[in-house]
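Presented below is the structure to which this report refers.
We call the chains A, B, C, D, E and F, going by the order they appear; numbering starts again at 1 in every chain.
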Amino acid sequence: MKNNLLKIWKNDLPVINTWLSLPNSFTAEAFGKMGWDSITIDMQHGQNDFNSCISMLQGLNSSNSVPMVRVPWNEPGIIMRMLDLGVMGIIAPMINTKNDCEKFISHCYYPPIGQRSFGPMRAQIVYGTDYYNNANNNILSFAMIETQEAVENLDEILSVANLTGIYVGPADMSSSYGLKPKFDVKEEPIFSNIKLIANKAKEYGKIAGIHNGSTRYAKEMIGLGYKLVTISSDFRSMIAHAQKIIDEMKENSSTNTKSDSY
Amino acid sequence: MKNNLLKIWKNDLPVINTWLSLPNSFTAEAFGKMGWDSITIDMQHGQNDFNSCISMLQGLNSSNSVPMVRVPWNEPGIIMRMLDLGVMGIIAPMINTKNDCEKFISHCYYPPIGQRSFGPMRAQIVYGTDYYNNANNNILSFAMIETQEAVENLDEILSVANLTGIYVGPADMSSSYGLKPKFDVKEEPIFSNIKLIANKAKEYGKIAGIHNGSTRYAKEMIGLGYKLVTISSDFRSMIAHAQKIIDEMKENSSTNTKSDSY
Amino acid sequence: MKNNLLKIWKNDLPVINTWLSLPNSFTAEAFGKMGWDSITIDMQHGQNDFNSCISMLQGLNSSNSVPMVRVPWNEPGIIMRMLDLGVMGIIAPMINTKNDCEKFISHCYYPPIGQRSFGPMRAQIVYGTDYYNNANNNILSFAMIETQEAVENLDEILSVANLTGIYVGPADMSSSYGLKPKFDVKEEPIFSNIKLIANKAKEYGKIAGIHNGSTRYAKEMIGLGYKLVTISSDFRSMIAHAQKIIDEMKENSSTNTKSDSY
Amino acid sequence: MKNNLLKIWKNDLPVINTWLSLPNSFTAEAFGKMGWDSITIDMQHGQNDFNSCISMLQGLNSSNSVPMVRVPWNEPGIIMRMLDLGVMGIIAPMINTKNDCEKFISHCYYPPIGQRSFGPMRAQIVYGTDYYNNANNNILSFAMIETQEAVENLDEILSVANLTGIYVGPADMSSSYGLKPKFDVKEEPIFSNIKLIANKAKEYGKIAGIHNGSTRYAKEMIGLGYKLVTISSDFRSMIAHAQKIIDEMKENSSTNTKSDSY
Amino acid sequence: MKNNLLKIWKNDLPVINTWLSLPNSFTAEAFGKMGWDSITIDMQHGQNDFNSCISMLQGLNSSNSVPMVRVPWNEPGIIMRMLDLGVMGIIAPMINTKNDCEKFISHCYYPPIGQRSFGPMRAQIVYGTDYYNNANNNILSFAMIETQEAVENLDEILSVANLTGIYVGPADMSSSYGLKPKFDVKEEPIFSNIKLIANKAKEYGKIAGIHNGSTRYAKEMIGLGYKLVTISSDFRSMIAHAQKIIDEMKENSSTNTKSDSY
Amino acid sequence: MKNNLLKIWKNDLPVINTWLSLPNSFTAEAFGKMGWDSITIDMQHGQNDFNSCISMLQGLNSSNSVPMVRVPWNEPGIIMRMLDLGVMGIIAPMINTKNDCEKFISHCYYPPIGQRSFGPMRAQIVYGTDYYNNANNNILSFAMIETQEAVENLDEILSVANLTGIYVGPADMSSSYGLKPKFDVKEEPIFSNIKLIANKAKEYGKIAGIHNGSTRYAKEMIGLGYKLVTISSDFRSMIAHAQKIIDEMKENSSTNTKSDSY
């Protein structure tokens, strides 16, 4: 049992991550064959709950992508239950203070680091009976930095021991600064924050992650030092592609035969 | 209550249809806003069952797209239950003989046309208390022509009264003739069959439909006289688009910034 | 293990039955406390499938009401699976001929009467390990008489051995004769059929059952000799009552304080 | 996008609300056609969870009734997830102090009012891409006043900015004062509290709401100044009506033909 | 893609099979780690339906056990849907005649052998894009011999081309001959039939399979030439073991410390 | 309404409890027939959520075993919802301080003891309309003692009024002291803690409970004064038994006929 993302980072390479918003184990399985370094099930703004995650993680079982989850909130019950299911990383929304972050770490790790309760029913089946010994070294913890308050507390948050990294939520950060929420932000002070966070993370020996709306922006972020970049999602991919097809058919539905989407 | 597809065909225009393979009411709702003339839930090769169809049809409730369903088999129980839920059209697989087709029609329509049982719980809520009077004039019935046997019985099948149309399954038809199953077939004798079917359908006053893998081919089919063309699906759209993104990121994950997919 | 409905009929009393259309085990449990002689889960026009029936039958476990089911169609798979779950009676729709009825009986009973397959997982837990010995004497089978064809074949259907009774579907029978489908029919020839069926059933030693829309009509049917009368359903009760409340509030929402619905 | 309840209140009219306790999207859809001003899904004492709410809200999609939800507790995860699904109002139980209420408001609204996280997947599909701009002006927030402590802190709670209103839970308030919990309370000091709350709410420019067991009491409450009155529920309607039918049949099951319930 | 059971039989070894009656993907996953040659999901007397099988098969994805299914009935819709999900073998109940068996084979295989419809959504993801070419050579088909009629038609059934084997249902066969249904039968004429079937299967080059209640009997069957032996199930294992524990505790709950079950 | 466990303890006898980890109402029903004094649904490390618990509790309805639940965390929403469903006892994990314990008690009981909200939808159907009057005297509350911190605060926790008892989690307690987590611990200081806790509980008039891995250890615990002993679980029983069968078959699959497991 060795979390493959740790190997990627050891080689100083970026992790390419995607997002599953839809509670469907079959689409999870299909995503698992595509080549993503990691796949994150979204329980905050996506439609997943504990129950749907069981089979989604099973769908990812024969995949090389590392399964992670964004939990709906920094709450011990759901974080520990998801770890019991075998997820290898937790992204927690709205970590605004050092205290928030310390609680988060406490939920993610077994003693002596934290207070995670023992009972990894599925994790032991998947990773073997020595799971307990390996869990603390392999579970990843990402604190979302997505408010003005979090930016102000950045050093304190980054100084929390055993935190793997921080993860920028650009839409909420924009909203927090009074801007319209969106991805791929270039507006100030968000863009400066994004650069600052990459640098600070490096300084504290943490991984910097960020949500992106396009491959172009994701690659730019990698250039800035981000080591975990998320692009698109199951739902966004589906909608973008299907809309393109119907638009193409409706433009001129009987004569145009040039384009060829499928 | 007036099935909008009937209006489109009255104007001699083609109906642009898509396919929902995933049992998710939220993606159904999103597809309902895109502009498709009709949306068909696939219960044969897709993952839908009776239960998932209830909420998917509700997701399509505020849409202008007409809801149809492909049933898993020409079986009275499931056809009548789906009609009770308010679907406006049934596509039945593997209709190979006149007898198959007559049974199919019998399941789709109330007396005196057929033997559909009365109890349209949801259909009455959606379409009003006069649903019984309007159902027979608005429900669409499509028999899938997808085997050599069906092609041989084409005239007999087309002669069945109250059948709305026939729907070509090019993959199964290829398989039936000993060819590799696929969409957008140009190989013979499949392509000749496809042309024949369009012409025969017209001759008998029926609608011809066909499954397509690309917009280009779908437009060619419209040119041949097809009045119901299906392109892609929720699942295919999702996979095609997401695969493109990860491929783009993995090609050259740190330097290439030209492409911009999302 | 002794089916309580058999005791009621032995005393020549009518069985008062209701209908569950909604897949909810909690409402099933609440209905189980009301005093119905039997409760029938509707899988044909209701929203139940095999899966929802498991917990609904469990909800009825501590009830004195006998659990029955109307299956979606006269199909061996679903009939045998429902019996395995512990239902004590099957109502099969659209039994139009002697052959239909013989097949139906074959699905309901173990050899030597029929060909029911052995594997009563839940039935054995509920009724004990001697379930196999008692099943054939306690399972009830009702063939729905709801078409002109069935009325014409009435004697033949009633002559089928081991059939418990017949059950009139007045809405479909109306539809079959070209009348608008509804309950509580007084129109001819439906009303004459209803009287004929009661008399014929008695002649053949079978139980006559019928679906009713009101208590008044149900009582009239009991007067005609019907021994199984169904009134209303979970869904109909809910809608009727809630509509009355909102109508009362909206009539004159601020001044009228006479009525008192809840 | 304009919350219709705001229009009703602008005209100084009361909002007539009902309660959905059962996790069923089909009954939700049927309730949506009845004429209620708003329909509230109950996640506290009802049987709904996040997953069942998705399709229930879709069932309400073509309705004129405004969808609201009572959350199980004043917890940010579930409040934000329900808002993402498109509910237009949140009723939070057990708001006993100003601090409770301020946290509640923080969960309901985007910055700068609160800290709601951005990601309204379904809300944007239903209400359009300008949802973010309109949400804070249209989302309703109701704090339940249902303990002695809350009554004592009434002025402080009402003084919280952006709170839409307060909602009286008469059963819990009775329980809190040592009385048997019930609706339509006339006992003191509960009834005095109810009058006090209506007056105080008006003084602070807030909407007063209350749960009722009968139309008579609801109308009395409207007379006292309540602008949001809830009457009955899906489950209560179903049970009341079905019990009446079986009682009527069992009274005298073979002779009485006067009553006529259905 | 090579069905591992074919390799085992090539080496003239018996396949050890178990049975999953409970619709739970997590227990499926745990069974997949135990060492069974094959694992069969039971849709006839077990509680599985199409929907639960999706995630159960995913739970078996990282297992070396070959996934099979017993379908509820010899019906084309469900057989083809299960094959699309990636099961590698179908056991069909109640195959009593040559005609039954020919229909069964027609549902299991693509043309030219049968009429299976093309659309292996999950099978292609799991087994690769050449699934169509390999399916007919790898899918296993087992006809259940479990009635007196089937025994009488044994030669005719065994002569059906492309049938992989036959599978004895000893409980139903007992019931069919007027005996109490059970496993591990030694009573005549059942035991003679069991010997006959093994010999006849060998003669026709087919695999003989049988359901067993104990390891002892299963080993005896292997001695008779059976090449597919099923022992116990998820549910039976659970119940047997838990009952033993509570019996041990209740015998003498405070003093006995000799036994040590867990 | 009288909680049977209270009677057992009145007779100074131990309660034999088991654990349900799997969300399946049918296995719950089967466990309900075995003879356990109480059956606890595990929502922390098991796979149950609110929704699955509804039907599991219905499966236990005709059982003599008292239904309890271990909640995922000491959170008011889920504790109150489970009590509304009719569970008769709550086991709360990770109660480390007096403050934790007081909050826990506040969630479990109606005023004046606690702040439980009124709305026992299912509990009233199961236990009758006087449920409110009886609940506080019959609901059991168990605080899990499973960390070093909790052991240090043992007296304070035990001094909380209305707490029924404490429940030792030996795996987590081991983990908290830097030992490998397991059941049936004999290592120090855990074993001394276990003895201390039994004695202290008696001193404060509370029930002591503990989780066990074997009947032998459970009996030893009863000898030490434990009055609530849990042994095994649905999942553990299933796995242990099935593994034994396949191991037996694989040892020597064709010749050994001595053992006889089923």
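By our rule, a contact is a pair of C-beta atoms (placed from the backbone, for glycine too) under 8 Å apart; a residue touches a chain by one contact, two chains touch by 3 or more.
Small disclaimer: the values here were computed from a predicted structure and weren't measured.
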Touching chain B and also chain D, the following chains: A, C
Relative to chain F, chain with the most remote C-alpha centre: B
Gap in Å, rounded to a whole number, between the CA centres of chain E and chain A: 41
Rounded Å distance, chain B centre to chain F centre (Cα mean): 52
Whole-Å gap separating chain C and chain E, where each centre is the average of the chain's CA atoms: 35
Residues within chain D bordering two or more other chains: 23, 26, 30, 47, 49, 51, 54, 75, 78, 121, 235
In contact (per the touch rule at the top): chain pairs: A-B, A-D, A-E, A-F, B-C, B-D, B-E, C-D, C-E, C-F, D-F, E-F
Touching residues (chain side chain D, partner chain F) in the complex: 21, 23, 44-47, 49, 51-52, 72-73, 75, 78, 93-94, 146-147, 169, 171-172, 175-176, 178, 180-181, 235
Residues on chain B engaged by chain D in the complex (per definition of touch): 25-26, 29-30, 33, 54-55, 58-59, 61-62, 121-122, 125-126
Footprint of chain C on chain B - complex, ascending: 49-51, 54, 75-78, 80-81, 84, 110-112, 115, 117-121, 132
Partner chain A, residues of chain B touching it in the complex: 13-14, 16, 18, 22-24, 26-27, 30-31, 34-36, 47, 213-220, 222-223, 229, 231-232, 234-243, 245-250, 253-262
